[in-house]
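Same chain, two partners: chain A is paired with chain B first, then with chain C.
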Partner chain A sequence: MFSLSQRFQVLINQAVTFSVFIIAFIVATSYIDLIYPNNVFNTGVATVNSIKPSLSLRTSRYFGSINSKPKENVRLEFDLDSDLTNLFNWNTKQVFVYLTAEYNNTKNTVINEVTFWDNIITKQEDAVLHLEKAKSKYSVWDISEQFSGKSLKFKLNWNIQPWVGPLTYGEIDTGYELVVPKKVEESSKKQRVN
Partner chain B sequence: MEVFQELSQKLVFPIDYKSQKYIGKQMNVAIAAVGIAATVYGYMTGSIQNLLICYIAGLLGTCIWLVPAYPAYRKHNLKFVEKPVINITTD
Partner chain C sequence: MNLRLELTKLLNLCFVFSSAYMFWQGLSLVANTHSPIVVVLSGSMEPAFQRGDILFLWNRNQASNVGDIVVYEVDGKQIPIVHRVLREHHSANFEKQYLLTKGDNNAANDISLYANKKIYLNKQKDIVGTVKGYFPQLGYVTIWVSENKYAKFALLGLLALSSLVGGE
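Let's look at the complex of A and B:
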């Protein structure tokens, strides 16, 4: 404490040390806010309705095709309702929401998970999701040639990205199941010939 | 280089153990107070940004209060023993 620079350094040191405690407090309060009074890990509600899958055969390698063999791609049209306002507290920077589907592989040994749609919510006011006839963002294919005949279980996943502290993940089971129909639409068959 | 040496000599404060100990204690207390106040304010307003602004403002205040060598922090300078004055009278 005998010189200006040393006194300044001590002050900065103390401030950084104390900020660790402040961060611990922020992380603790934001986590408590998530589990009490409403435990967001269990009480989330999401409904998915009237999912219309559309299959198409693609021969581009950007759509999973290998050596120009046609690959079945799935796109969806869906309705989604969910209220995610509980996920927002003073430590929430943004919430990443994504609609995924789970399905078993042909031997029922592996559970696959594919993402059809996602969104970033930055404000609490925008956290009530109400989508009608929304289109999936991504064209999805399986490692095998076919996607048809697979039974998809839909889930809405969320991921809280905080200002400080760890990422928090959670999922809401929508209870919606869908078997992808076997037929490939006529229009996409024509595309394949071309 | 001589300029830097002169400058660093000027930045060194006079030796005043009592005031330096006092500053050390005050610094702990001040930063804890600023931190708690900022946290409470940020929590009440529900904004991490407010917390950060409040904390940094408080730290700047503490800096202005405790870092420079004000006359109040130089009251107890070490006094070195003065050379005894010997009067020699010559006839």
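Let's look at the complex of A and C:
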């Protein structure tokens, strides 16, 4: 009556049921930890300062150029301060933090968001960010011809990668805005004058 | 041999397979994607995702956000790729969206992976889904079965054995 396979099935059933409950408990408690007592979705603070853009013309496909037509690329130098310690709890495998800029084209028909810098934080001790004169990680181009003249709004975004369960995203508005200088020639001229 | 008993067993087996199939198709329908659950095959998203991790996909979003981890398929290649959105450009009415992706563990973006000298992905055409949920390591069974030539026989043998033993 109690065959080996039956015992095995009961064992598997119980193990699966038990792990489902444990996972649900972990996911629920870690989410509560994120919103109580401090709701990380709206209490985050990030300040960026003294962003210096530098433009260059690139002719490679890997820098957005089509048929070797010169494409404006922008790189940044920036200061960044933020404390992401609250994002870490028992279900945080890593926090992916990324600095992005939002901008529209002149007719407001195309809306863009691009990443300038990102970082993977795996330990809570490393979650306090303090960067001075950091270089952007990526050379960024726009989908249109030009990047100059675009008005960039900067945001610091985060993504919690859990040990198990749903991925969590959040963003912190830095309030920093910047207009990319008009032309490559002008900015390089300025540099020569300086 | 009792024919009726054997036929009932066969019917039960069919029931198991059809319910698994229905579950998969139902999930596809809800998530609006042809593969709602994928297994990570490469280390390009480490340390977030390792080989064998299971990802749950959702494809009912109108547009992707920067930072979303998406699964995309390049025309002509069968293997789905799981990478993060680095840039997005969309029209104001969300009709079109272009994405540039990159693996967290890769030094460069994915332009060299895209088909036909494209430098962007098309959200509507290329994206299979956005990763919403994560379960570690369980998918390693499928990697093991597909990459080890004896694993299939071992699995079949185990099934046959269990059907023989489970006869009483």
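The rule we apply is simple: the second predicted complex is superposed on the first by the 181 of 194 C-alpha atoms of A that agree within 3 Å, B and C clash if a C-alpha of one lies under 4 Å from a C-alpha of the other, contacts with A are read in each partner's own complex, and residues count from 1 in each chain.
Operating definition for what follows: contacts are C-beta pairs under 8 Å (C-beta built on N, C-alpha and C of every residue); 3 or more make two chains touch, one makes a residue touch a chain.
Owing to the predicted nature of the structure, the values given are computational and were not obtained by experimental measurement.
By the touch criterion stated above, A:62 is placed in contact with chain C alone, chain B being left untouched. Look at A:157: by the touch rule set out above, it reaches chain C but stays clear of chain B. In the superposition on chain A, A:5 makes contact with both chain B and chain C.
Touch criterion met: A:29 reaches chain B, while chain C stays clear of it. Residue by residue along chain A, chain B and chain C are tallied for touches, and C comes out ahead. In the overlay built on the shared chain, the residue A:41 is in contact with neither chain B nor chain C. Judged by the touch definition given at the top, the superposed model places A:21 against chain B, while chain C stays out of reach.
In the superposed pair of complexes, A:91 makes contact with chain B only, with no contact to chain C. On chain A, the surface touched by chain B in one complex and the surface touched by chain C in the other have residues 3-5, 163-164 in common. Those residues of chain A lying in contact with chain B across their complex are 1-5, 7-8, 10-11, 14-15, 18-19, 21-22, 25-26, 29, 89-91, 163-164. Listing the residues of chain C that touch chain A in their complex gives 47-48, 65-69, 84, 86-92, 98, 104, 108-109, 111-112, 117, 119-120, 131-136, 162, 165-166, 168. Note for the complex: chain A touches chain C at residues 3-5, 61-62, 64, 66, 93-94, 96, 98, 100, 108-115, 120, 122, 138, 140, 142-143, 157, 159, 161-167, 169. The part of chain B that touches chain A in the complex is made up of residues 8, 11-13, 15, 20, 23-24, 27-28, 31-32, 35, 38-39, 42-43, 46-48, 51, 55, 59, 62-63, 66-69.
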